[in-house]
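Below are two complexes that have chain A in common, paired first with chain B and then with chain C.
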Partner chain A sequence: MWTATILSPSHPSTDSPVDLGFFFDPFSVPFMARALTTVLVLAVASGIVGVFINLRNLEFISDGLVHAVFPGLVVGFVASGTDGLLPGALVAGVLAALLLTVASRRGVGSDAAIAVVLAGSFSIGIVIVSRETNYVSQLEQLLFGGVLTVTPSQLTQIIIVGVVAVVLVVITWRRQLFLALDPVGSRAAGYRSLPTEIVLNCAIALLVVAGSQALGNLLVLALLVVPVAIARLLVRRLMLLAPLAIISAALAGWLGLVTSFHASISYGITASPGSLIVIILITLYAVALLGHLLVERIRTARRAVPHTCFEHTGQHPVLDLDQDVSARRRWSARFRRAV
Partner chain B sequence: MGFFELAILEAALLGALSGIVGTIVVLRRRAFFTVALTHATFPGGVIAALLGLNILLGAAVFSIVLVGIMLVISRVDRQGSQVASGVVLTFGFALGALLQSLNRDMSVQVDTFLIGNILTVSPGDIAVTAGVLVLAVLCVLFAGKQLLFSSFDPQGYRLAGFRPVAIDLVVLGLIAATVVVSMPAVGSILAIALIAGPAVSARLIMRRIEWMIPLAVLFGLVSGVGGLWVSRVFSVAAGGGIALTACAIVMLAVAYDRVRQYRAERSANGGREA
Partner chain C sequence: MTEISTDSAAIDLRHASFSYGGAPQLSDVTARIERGEAVALVGPNGSGKSTLLKGILGLVDVVDGEITVLGGSPREALRRVGYLAQLSEVDREFPISLRQVVTMGRYRSLGPFGWPGRRERELVDAAITRVGLAPHAHRRFGELSGGQQQRALLARALTVEPEILLLDEPFNGLDRANRSALLDTLNSLRAEGVTIVTSTHDLELAREVCTRAMLLNRTLIAFGSVEETLKLPLVERTFEGTVAHVDGHNIIPVPPEHG
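== the complex of A and B ==
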């Protein structure tokens, strides 16, 4: 895809013992710089929104939104090419956010309902795209995206949509936190949970729309879910979750782009940059997980008191913050004062 | 037998199997787990295709590995089962996409794994599906009571002296086997429609639990065979046709449930006024 001629003339090799140019030079090429900007924007936005996905266990709903945006992408793409992607996806995303909010509130068997919405909307997309002539390559483009082919106008769209998603969450920040940490208290304080839930689900849908154009429909979910999961392994402080998530996503995005660039230039290997980014992100997660398990083991060995009373049952994954009663009281008090 | 007869046979077998296993998935709330597993078979299929092995084998081995990883993550505090499914799901897709992008000249195309192709299914695939179906029927016949008990009252099940781990393993095995055998026919993404759809419809229509499985099997059969017919008539992807038919049945079941509730409410109100 790349030829070496794009690079070589403007970059004399540096004299420093560690060649940092390896990590920074690729981004002097315009399309690489755009790819990096896209990934960084997405990292910041999904780090902030992702905190609430994690705290409220919305991973499955997010997956549902990801799949539900797909028919919108297809219809938009079939109607008017790459320009149609954003409008189509926006309509489908907002519709799906409303539908899934209602479906998930229906209590009994709600996860099966999400599964049906997810599969149904995805198959609508598949059926439409399968009537196109060269549908395999189109399908691949829609599912796995092309972070390297992001155009300047697409980048602007991604930034706008991402900013709107973040603003939605930041405006309702207190309510979102209150609902996530103390749903009963939030309702008792007179807040209706439905509008708060709809706002959050719309923000997730917007991010999915923004990310779908760059990373592809299926890989966006990784950015929404994995960085915050890494942050939760590393720290207990709530306010550190978003910054750490952003840092890990940005790191993975940057390393993924650099790796795919050099693999292509030096070895002629065409590795899809989007999937490389996700693989690196999950490698970071694996390292954090192993580190976390190691630290826990050392701690329990030092304490030598098994804390069986907080053992997970496996059936109901309990939020750690929920168990920490004092932290919850502190937060509730703070909310009541603030409200 | 021609390829279309083979496809009908496979669709019928898969529909019946999905009806049985789907009921278990819905009752035990393992839908997200199943979705994660279906996505995770994608890289297994790609690896098998690269090595020249049977796709089913690759998917089966990889799904066992990923079930293990999910179990580990879901036991770590501050992570839980939702995060575990999310991580494994995205890992599966990213790995599959990466391997696929590294081997552009691979003979098998990406849509084979993602949405399947029931029209190219081999007699071997059908035999394996039939085998898993027999296994599922046997499980329900001999362990049906335990399955129900542990689904509705996990604590009571443990206190009554049964081992929940054993029944969990049986359920995981059944789900994984179903996901794997449905991959060549309906692909990694659409399998969940056939697994969850019939069971959800059956649950909406039937209040009695013992009728759920037969009804779900019936809906599964209708979705499989009817979907195939739909795809032939309208010339769309077969996997998409099957998934859409399953979802259409869910819509009808929801409508039926609404009408029934509305009538019940009206007759209750009428009774009060009279």
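== the complex of A and C ==
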């Protein structure tokens, strides 16, 4: 993926104790700067849209959308190369968002419906792309993306699509929140749920479309799901979820690009930056999970203190056992939600 | 309150049938609920209690007959009706504070971006105080007990200053303290003339809160004063011999032929 000729590494002097140039210099190269911008735009969009993927447990629907976008990418690509990616994906994404919204409302085997869409659209996409000559490398490009080869016009497209996704969620924020907390209550309050669901699913589809070009169709799911899952482990305030998710996604994106750059320059290792970004994101998640588990441990230990009080008052310790069990149950529910 | 508009009942059902699509879930209900009344909906699981509540909200289609709420269609009346859903229908791990949950009750009038002004904040605070949760206002919703969450949702329903309050099994799974707190709130609302319609398994509570009771089992079995309707023969007919036991109350009698 790296071509050594493009790079004229201006390795800074190692005089300063902290060599910040290591982290910032790579982005003096235009395509690296574009890659960073792309990643930051995607971080912001996924941090905001992802909040409701998490709160509404839409991870599987998102996966369905991701795969449904694939044939769109392929058709667009076959029709007019890189410039066709976005229109193709856009059409497929919005169509799939509408279909999946209706399917999931019917409730009848909605998981099965998603799985059918997922497998079906993926195979259609592969059939189409395999008719092309040289299809393996094109397939690789579509599946794993090319954040380093994002052109200026592609970047503009990504920004526009990302902004639309964010705007859709922000203007429907309150009804999304109400629907996520309790669907019946929100309808009783006079909110219609169908438009709310369509808007959210379209926003997710748009994010998939924007992200697919940079991270590839296979890895974009990580961007939709993981940043907010990290935030959910760290805080319990709604208003902090999006900022924290954005920070973790941006951090992973930036570190991924830097790592990939230096791995290539210094060690000649060609590492796909998209994959590195996802690996770093997952690492951040693992760290957050560990921290979360530690904090829960300490909390449970503190909660166990009344144990002795009960014994003094002569109450049966069974009470505490119950408390412990319910705490554990609550924890595991939270864990499942976070995952 | 009762005298403000003289002839429109709070809820008027005339041979109304409700369906989610397919066969009616509840058919042929005729009843007139006056303003300021408190009515208990009693019946076994699947008897149509929740369906009737959702029908009054306009969330379930009326496939036959007619329903008017506060003199108009259910959708028109929606903003004057408060609704407390079953707790099982709510995401109980939601990462927001109790106060934020209650503020959601004002979202419809605030619109998508309107910032809660003084009046809004006062309404929210008053509702939280009313259900007795003022000391917990800033705690996380997920940290509250089930009973407290139930009361928080009631506070949310009260922020719309409802003329009719609909409650779906509000006493399910409540401990003694929460139960009496909820009872106090409901009784004080009744004293102010709010019309209350609540579904319940619990005949004791129906007697304590309500003036009238509606016995349902896929259709209307009986509707009348609590004393007249909550009698053994009618209750037996409603529950068709199914044994219902709720929160340790031994309420529903087992008919002799089964026992």
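Just so it is clear, the second predicted complex is superposed on the first by the 290 of 339 C-alpha atoms of A that agree within 3 Å, B and C clash if a C-alpha of one lies under 4 Å from a C-alpha of the other, contacts with A are read in each partner's own complex, and residues count from 1 in each chain.
Heads up, the rule we're going with is that contacts are C-beta pairs under 8 Å (C-beta built on N, C-alpha and C of every residue); 3 or more make two chains touch, one makes a residue touch a chain.
On a predicted model such as this, the values are computed, not experimentally measured, just so you know.
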Note to self: After the overlay on chain A, what do you see for chain B versus chain C, clash or fit?
What the structure shows: fit
Item checked: Partner chain(s) touched by A:L118 [first = chain B, second = chain C, both, neither] -> first
Next item on the list: Quick one: classify A:P195 as touching chain B (first), chain C (second), both or neither.
Entry: neither
Check: Is A:I279 contacted by the first partner chain B, the second partner chain C, both or neither?
Finding: first
Next item on the list: Considering only touches as defined above, state whether A:P30 meets chain B (first), chain C (second), both or neither.
Entry: neither
Margin query: Let me test your reading of the model: by the given contact rule, A:L293 touches which partner, first (chain B), second (chain C), both or neither?
Written below: first
Next item on the list: Pick one for A:R174: touches chain B only (first), chain C only (second), both, or neither.
Entry: second
Check: Touch check for A:L218: first (chain B), second (chain C), both, or neither?
Finding: first
Notebook entry, point to check: Thinking of the overlay built on chain A, is A:R232 touched by chain B (first), by chain C (second), by both, or by neither?
Noted result: both
Margin query: Looking at A:I269, would you say it contacts chain B, chain C, both, or neither? Reply first, second, both or neither.
Written below: first
Note to self: For the three-chain arrangement built by superposition, which of chain B and chain C touches the greater number of chain A residues?
What the structure shows: B
Item checked: Minimum Cα separation, chain C to chain B, after superposition on A (Å) -> 7
Checklist line | Common ground on chain A, meaning residues reached by chain C in one complex and by chain B in the other | finding: 232, 236
Notebook entry, point to check: Given the complex with chain A, which residues does chain C contribute to the contact?
Noted result: 54, 57, 59, 78-79, 81, 83, 85, 89-91, 93-97, 100-101, 104-105, 107-108, 110, 112, 140, 142, 153, 156, 160, 166
Margin query: Per the contact definition, I'd like the list of chain A residues that touch chain B in the complex.
Written below: 54, 57, 59-60, 62-63, 67, 109, 111-116, 118-120, 122-124, 126-127, 130-131, 135-136, 139-140, 143-144, 216, 218-219, 221-222, 225-226, 229, 232-233, 236, 269-272, 274-276, 278-279, 282, 285, 289, 292-293, 312, 314-315, 317-320
Margin query: Which residues of chain A touch chain C once you look at their complex with the stated criterion?
Written below: 55, 171-175, 177-178, 180-185, 187-191, 232, 235-238, 241, 330, 333-334, 337
Note to self: Give the list of chain B residues in touch with chain A in this complex.
What the structure shows: 25-26, 29, 31-32, 34-35, 73-83, 85-87, 89-91, 93-95, 97-98, 100-102, 104, 109-111, 114-115, 154, 189-190, 192-193, 196-197, 199-200, 203, 235-237, 239-241, 243-244, 246-247, 250
